[in-house]
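Shared between the two complexes below is subunit A, which has subunit B as its partner in the first and subunit C in the second.
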Partner chain A sequence: MSHAVQERPVAFAKPRGPLSHARLPRWTPLAVAAGSIAAGVGIGLAAGWHSKVQWGLVAALVFVLATYAITTKVEGSRQAKDRIATSLVWVCFVLAVVPLLSLAWVTISKGMEVLDVYFLTHSMNGVLDVEAGGGVYHALLGTIEQVGIATVIAAPIGLLTAVYLVEYGNGKLAKAVTFFVDVMTGIPSIVAGLFILSTWTLMLDFGPSGFAGAMALAILMMPVVVRSTEEMLKLVPNELREASLALGVPKWRTILKVVLPTAIGGITTGVMLAVARITGETAPVLLLVFGTKLINPNPFEGAQSSLPLYVYEQYAVGTDAAVARAWAAALVLIAFVMILNLVARGIARWKAPKTGR
Partner chain B sequence: MAKRIDVSGLSAYYGNHKAIDDISMTVEPRSVTAFIGPSGCGKSTFLRTLNRMHEVTPGGRVEGKVMLDDENLYGSGVDPVAVRRTVGMVFQRPNPFPTMSIFDNVAAGLRLNGSYKKAELAEIVERSLKGANLWNEVKDRLNKPGSGLSGGQQQRLCIARAIAVEPDVLLMDEPCSALDPISTLAIEDLIGELKERFTIVIVTHNMQQAARVSDRTAFFNLAAVGQPGKLIELDDTERIFSNPSVQATEDYISGRFG
Partner chain C sequence: MVTTTPPAIKNRSRRAKSAARPGDRIFSGLSKGSGITLLVIMAAIAAFLTYRTVLAVSKDSTNFFTTFEWNPAGDPPVFGIAVLAFGTVVSSVIAMAIAVPVAIGIALFISHYAPRKLAKPLAYVVDLLAAVPSIIYGLWGAIFLVPYLDGLNQWLDQYLGWTYIFDKSADGVARNLFTVGILLAIMILPIITNVTREVFLQAPKMHEEAALALGATRWEVVRMAVLPFGRSGIISASMLGLGRALGETMAVAVVLSPSFVLSGHLLDPGGGTFAQNIAAKFNEANEFGRDALIASGLVLFVITLLVNGAARWIIARRKEYSGANA
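Let's look at the complex of A and B:
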């Protein structure tokens, strides 16, 4: 905390002048944290609570209050406010990370049971749902194809919409587009699925296919792409546009060669976040792609499967073997999204404006 | 190459607000004309009307005529893109393209406008960087990003970028206000060299700078905040700074108001 202090701070150092004040030793927060965890466990045991969540909440509360009380006593009220803010930040951080870590831990530990190369490279063809064996290949393939098609549809439309809104749009049309994009952001995925179901499947009489699912996913993806791209384009300094225009570069080339490359890192991240969002969608896939046990590499004809749908189906079967497959597929799904995210970050870093000499 | 600018009856607006009112003046070719005046008097707005950059601002609108030799910039059928290729501009804050290397920054205006052979491009880039007195400092790192240069170097990079497209006129909007005295001196020397080839118009808040670099000086003023700016007088720099014909100019230059 206090790197600037030359001497090692002594416990409860006495103030030496008007500019210094008593200071708690560095290990105070750790000690208070340990003490509050002990208090949480103690109170929990004494009261006979079974839930560890309650223990943790008590510990967090004790931590914040104890930090405040001790600091007020030793360091004064301004320092106490500073410490209480710091301790709240830490508590919130821990509260946010604990569920995340526990989710990752549960998924990995349960998913690793059946996850192997065989699982990744085989379908459920000829495997009864209740028995062990089989794999996730058909679902993984379906997810990749559906998400890929959805991205191919939604990313260009979303990108161009954002370019229109930021670079060209003013007046009523732009306001209307912004409004409808906001409305679209709130569309529940099942509604997007029903919309495609009613038009594509029922009215136009096409059967279930990966493409139908991809269209519903594209509807969900588009507003996210528009929003994030819009924010990124707004971040591009106007000076760069003016510099380019003043060189006698037409506006469309300015946008293409100056504005978009400057924002490309953020745009990529935004598109990838949208991809991550639709990868986990189950409802429209359930309605439109239908699900199958077989490998169907053609997204334009016949039922396919997808990872979230596979998880749902296997979990619904309920036998040990099926639940194990569901966990493994969930792990594959998380890994898929995470790999996409890492790739996006890599692209963003690679493409971001460089400042090095 | 250098062309004469003849402005008559020019007013510029931001939406309904009139920013400059009825300005008429002549800018001589192969000379440096400086615009001075208090903040908000419309110097920069006027400068931006000279290459049709004013209308890039939302709500920006212009009335009047700007003759570049014999052609009215605001005539019907005139392409603003073509105007900006003829009348280049350097901005107050250095603004190199962050995604491009030093070489690409200088070549940007050419590359974005048409296709050039590699050797031809390299030659123009070298000539422009030499013209901006930057070649010796950057010749070993042309592939490094332009935003890695110092502020003064970045501004000279922007000047190189502007002169690479061989404009007839070069507009400079307070090109030294973000720079230290040494970089300022470098840019001022550069302006002295560039006026052999270009018509140069420079907006500055630094009256010593106006006195040092310009041949003619225009003084702008506004009656009150919210009122449109007007051209008070335009004369040889020497006269403006020694014996101006309008009292307001003398007051401003001697620091009695503004």
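Let's look at the complex of A and C:
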């Protein structure tokens, strides 16, 4: 470092010209882009390539090389590297947006073909694989029941665990819980399914039911609830707790009446996001709930269906009518999850404590 | 300070304990109980999966780790995880190789490059995309992506076939490990992007402004102020993504046409992953077959535990030596 500082005066003594470097005009990237697209199309046409992707690749390559060459010539290599980095970042963005947009577009356009009120209010009872018709009512019902039960199990445990970690926990137990919550977040959904399978189904000899699936979903949900609730409770200012305790309010009432209400917006958001996450889980449902064509409103007895499982089954059937149903069910599922997400984020924004960032 | 306070603290805590109200005791007991419940669940998962695995593997007539076959219903039962382990690792490695650089790029785009008006809605959309259920990625991948990648496969075979891994030796549509890797990359992209973006946004503004004041270009600011600060965040985000990719079930089950052949030719249809194999073989399995599948699930469980542990270890180690966190 000190080296560079010493050399500076020498560098200052030399130049005679203007202090600022030569700059390319602002429209340069646009011009180069237009030129390279023309080159890509031209080369593509000349070589007779059919794939538009190849045209695009050539255009991108020409763009990068031309930008680098021009910038190095006029502005120097540091600026050239900067421009390369900028274009790479833009390329990453485009690369990622294309498949994701395509996913959204395909799901919506194909899903809308079959989706109507009839589809939402009828089951698959008596519908043959090859014929159109039928619906997702039984799957929708199953999903709502299973996710509901999972939430009833997981939310209180997750919430109380977070309260323990933030308000009571210090010492080895709290450290262990923190560590294993992190570990639990990484459990693949199919492993959670296998665990319930090995205990509930294989050891205790229960048949497939919505409740079994709900237990596996609850395992997946707990760590997410703990994490988000913990973050929210940590945001509650200590002054509030101290003020309450100083007034002689017992700790448990302080937590219930002061801490939790303050953080309730964030906690609700966290729970809803967790619900959205488990709604789309297929693997445990496949192992434990089994799937059926009929409406089974009782989650504690007999096979049920669920939206993601329905999508999988209909795709596996493979006939045109079934695949169309799979897309429609996928759209219902995505809408369900997205509405949950949007509402959750709305609550978060509405209740958010004002922060600097 | 330390020497004077201990007696006072001891006294007070003793008094506080004696005055503890029943409500307090019940509530703290409940919350502590929930924490313990979580630990018990984790322990139970490990214990039951191990128990079932022992039941299965003790009857396996070959080496569980090196066998290229899955036939637990046979007499004698023959099953091994070599193909599954290979497929899982390969597809995840492909996914990481694609997703991590692109995700860093998108995160930088949102945090430092995009026009302000575009950045916020974009971050929001990426957040939402992380919530898209995996089965929908699978459906899209199988119906839309696979035909699209056929062309890419032929191109890779034609020009990069000499590299062995891109040599397409068997005919068939692109339902192979390479496609699975690309699909997994698309799936974990939003997750990695979200976490890295958060970290990049937290990079100290002072460092960035100092670099700019010294005449650094935007890329130099990113390279010298943002990326070093975000390194541990990038690693933990990648590990998070890796965990997802390793355990992904439905998308792989829908896209891959499985086979129990271990092949280095990534473009050949076939192969399998732990999770995909469980989903695919479950319906036809009898009770012993289910135990065998549980055994493979345990291996997956252990692998994800190791990945998570490694991520935590790396983050902890980086934190100590990184000046940026000070």
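By definition in this document, the second predicted complex is superposed on the first by the 241 of 357 C-alpha atoms of A that agree within 3 Å, B and C clash if a C-alpha of one lies under 4 Å from a C-alpha of the other, contacts with A are read in each partner's own complex, and residues count from 1 in each chain.
Going forward, a contact is a pair of C-beta atoms (placed from the backbone, for glycine too) under 8 Å apart; a residue touches a chain by one contact, two chains touch by 3 or more.
Fair warning: this is a prediction, and the values are worked out from it, not measured in the lab.
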Touched partner set for A:Pro250, first subunit B, second subunit C, both or neither: both
With the two structures laid over each other on chain A, which partner does A:Glu239 touch: subunit B (first), subunit C (second), both, or neither? first
Taking the superposition as given, does A:Phe206 touch the first partner, subunit B, the second, subunit C, both, or neither? neither
Is subunit A touched at more residues by subunit B or by subunit C? C
In the overlaid three-chain picture, which partner chain does A:Tyr168 touch, first (subunit B) or second (subunit C), both, or neither? second
Identify the partner contact of A:Pro261: answer first if only subunit B is touched, second if only subunit C is, both if each is, neither if none is. first
Touch check for A:Glu281: first (subunit B), second (subunit C), both, or neither? second
Overlap of subunit C and subunit B interfaces on subunit A (superposed complexes): 250, 253, 357
Subunit A-facing residues of subunit B, complex: 51, 53, 56, 58, 81-86, 88-89, 91, 93, 95-99, 108-109, 112-113, 141, 144-145, 147-149, 158, 161-162, 165
Touching residues of subunit C toward subunit A in the complex: what are they? 21, 23-24, 26-28, 30-39, 41-42, 44-45, 48-49, 51-52, 101-106, 108-109, 113-114, 124, 127-129, 131-140, 142-145, 151-152, 186, 189-190, 193, 201, 217-220, 222, 240, 243, 246-250, 253-254, 275, 278-279, 282, 287, 290-291, 293-294, 297, 300-301, 304-305, 307-309, 312
Where on subunit A does subunit B make contact in their complex? 170, 237, 239-250, 253-254, 257-258, 261-262, 264, 351, 353-357
Which bits of subunit A are touching subunit C when the two form their complex? 51, 53, 78-79, 81-82, 84-86, 88-93, 95-96, 99-100, 102-103, 106-107, 156-161, 163-165, 167-169, 173-174, 176-177, 179-192, 194-195, 197-199, 202-203, 219, 222-223, 226, 250-253, 255-256, 273, 276-277, 279-283, 286-287, 308, 311-312, 315, 323, 326-327, 330, 333-334, 337-338, 341-342, 345, 357
